[in-house]
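Following are the structures in question.
One chain, chain A, links the two complexes that follow: it is found with chain B in the first and with chain C in the second.
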Partner chain A sequence: MISPATRAQFEQLLLGALQEGLPAPWRGQAMLQPLPALAQVRDTQAVMLSIATFRCRLHVLVHHGLQPQLQRVFGPAQGEEPGAAVPVTDRLAEYGNLVCGAINRELGRSWHYAGMSTPSHLTGLVLDHLDLLRDQHQIHAEVSVAGERLLGASLLIGSHAPFEFQCIDAPAGQTAGELEFF
Partner chain B sequence: MWSELGWLAALVSVGGLSALLWRCRGRAQQALAAQAQAEQALARLRAQTDADLSRWQQELADLRQSSENRASAWADQEAAARARHEALAPTLEAWRAAIQSACAQARPLTDGLAELQAVQTTFERWHEGMDELLRQNADMHRKNEDFALIVRQMTIVTLNASIEAARIGELGRGFAVVAEEMRELARRAERLSGDYRRGLHENDLLTTSTFQDIQASGKLIVGAIAALDLYQRQVVGSLEGVGA
Partner chain C sequence: MAQVLVVDDSSTVRNEVADFLQRNGLTVSTAVDGKDGLAKLRMDSGIKLVICDVNMPNIDGLTMVEKVRKELNNPTVQIIMLTTENAPAMKERGRAAGVKGWIVKPFNGPAAIGSIKKLVGVA
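Coming up: the complex of A and B.
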């Protein structure tokens, strides 16, 4: 339903969003790599979000294994009071929200109307059943920091009719706050 | 002697009087000369003033003529504009009528869009329904885990029963057969529980996907309706402003 060029655009969009959503100190150190398929060893936790447009439906999944590296990257920010610490699972849900929001923002530049869901926590076992969703295209990637795998991500694209998509370059100097993603 | 003095006095008087008369004559001549000069200056001034007056009168006459010409031209233009306005009046009237008709036809669209915005409550109802479905899914997971725990305990109990039957010996053979049957049932129950667990995970994925699709599509539709409503109000506002 989508051309290789459109698929490449979505892959680029996913990788950019994964980097943009990371906490600022880690963005420059992150390695983002597209994968041909989901890793053999499944992550134990997943956060899922969806985007609806008139042309297609997207599912964004961020999956992780709660490894210690996650605590370092998504742990309490500098200066944050320990008592007010947000659980890592919630921070990863926020991360998923930012990633999906960045994709939603980019779609909104090309297509006027798009809607985004709130995140849902799922067990990693659902990753064995992604084909059930009947989304025609699956794009997988993983994020590594300091040589260690941090988390995986999947973008599923489904539509009932062929469509094309191309990212629009943002004007120079444009910066987006979190609220502008939605 | 007195006559000589008299003649002298008379001579002196005459001389003095002559001198006085000479001085007066000089002054009179000066005054006459000054008067002549003044009269000449006055004549020149009069001539200059007459010339200026004549020039100004001519300029005033020219200005009057120019003003009359301009007034005449404006009157011609005003008449032409009035004629064009009268010629356009039917078209303007038709245009005004068309705008009013468009505004009247837009009213049901405005009302319809306002009603459509209430679709938000429909989405909230769906949202509540899906929330309940997800709670049911979570409850089914818990019950399946309880079932799996019971099956594991059953397996342990049947194992213990087999051990006890073997310990009893020949008398326990029948009991051992029952224990084996029970263990086979426990294994089947465990496989079923595993299949059911996989089914629940599939259900979780499908339910969450559907829930999020409804949620995201709801926001998409509400956003589109709000945007259309805004465009509609802007168009109607522009039409009403032009038609006024």
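Coming up: the complex of A and C.
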């Protein structure tokens, strides 16, 4: 229900969002690789978010285990209290939120009324039943840092009718982190 | 008594923002969603600034802001939204409810701290 060009746009969107969502010190070191199958990206756990629009429904998944590399990348930032007892799973949920948020914002530039969910933590076992979502298109990618796999990601696209999508070339009005006063 | 209330369902964001503000001399309390945020504002009339997410369970951020103005009858507390959203319609709803500013995540403390301190009245 989507053309190869639209699928390519979504893949580009996912890869960009995965990189931009990483903690700043790690963005330049990240390698992002599209992969063809869920089996290559799934892990023991996942964070899932959804975006609903009139044209399509998207599911964003961040697949992760509990490897030490995750703590190094997503652990307390420099200067942050080391005792801040925030589990890495919560930090990954926020990472998923940032990734899905970037995709949601880009969709919103072209379409009105895109609604985004909050993150849900899932066990990797539920991925055995992903077909029940009946999403027609699956885009998968792996994120590596310093040569080591960090996590996997999936963008699932379901639609009721054919549609096209293209990212807008012009820069977005507000950049991340900037305080815009009304 | 806290000067700033940080409202977000993510403990990562609550900790990050609160920790940064405290290291910059501000007193901070936190809330896990809009319902908790309203309860904290009812309990502490000294809060000068709320930094609030939009997408949260129970009561979302923009609904919380509207309730702050109408049900809590608090027209003076300054409110900044900290969210992944930036749709014009959402920003307009926030502006109409008296939101002062909007930050697209991730939080950039050094870029915002000067303005935050001015809103709290300590700069």
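Definition applied: the second predicted complex is superposed on the first by the 168 of 182 C-alpha atoms of A that agree within 3 Å, B and C clash if a C-alpha of one lies under 4 Å from a C-alpha of the other, contacts with A are read in each partner's own complex, and residues count from 1 in each chain.
Everything below uses one rule, namely that contacts are C-beta pairs under 8 Å (C-beta built on N, C-alpha and C of every residue); 3 or more make two chains touch, one makes a residue touch a chain.
Here the structure is a predicted model, which means the values were calculated and not measured.
*Asks:* After superposition on the shared chain, which partner residues are touched by A:Gly101: those of chain B (first), chain C (second), both, or neither?
*Replies:* second
*Asks:* Quick check for you: in the superposed arrangement, does A:Leu66 touch first (chain B), second (chain C), both or neither?
*Replies:* So A:Leu66 meets neither chain B nor chain C here.
*Asks:* Tell me which partner touches more residues of chain A in the superposed arrangement, chain B or chain C.
*Replies:* Result: the larger residue contact count on chain A belongs to C.
*Asks:* Should A:Ala93 be classified as contacting the first partner (chain B), the second (chain C), both, or neither?
*Replies:* second
*Asks:* Mind working out whether A:His112 is in touch with chain B, chain C, both or neither, as first, second, both or neither?
*Replies:* It touches chain B and chain C both.
*Asks:* Counting only touches as set out at the top, which of chain B and chain C does A:Ser120 meet: first, second, both, neither?
*Replies:* A:Ser120 sits against chain B, while chain C stays out of touch.
*Asks:* Once the two structures are superposed, pull the chain A residues common to the chain B and chain C interfaces.
*Replies:* 112, 114, 116-118
*Asks:* Of all residues in chain A, which touch chain C in the complex?
*Replies:* Listed in rising order, the residues of chain A that touch chain C are 77, 79-81, 84, 86-87, 90-91, 93-94, 97-98, 100-102, 104-105, 108, 112, 114, 116-119, 172-182.
*Asks:* Which stretch or stretches of chain A touch chain B in the complex?
*Replies:* 48-54, 57, 59, 112-118, 120, 122-123, 125-126, 128-130, 132-133
*Asks:* In the complex of these two chains, what residues of chain B are touching chain A?
*Replies:* 198, 201-202, 204-206, 208-209, 211-213, 215-224, 227
*Asks:* Using the touch definition up top, name the residues of chain C that touch chain A in the complex.
*Replies:* Residues in contact with chain A: 9-13, 15-16, 19, 23, 55-57, 80, 83-87, 89, 91, 94-95, 99-108, 111-112, 115.
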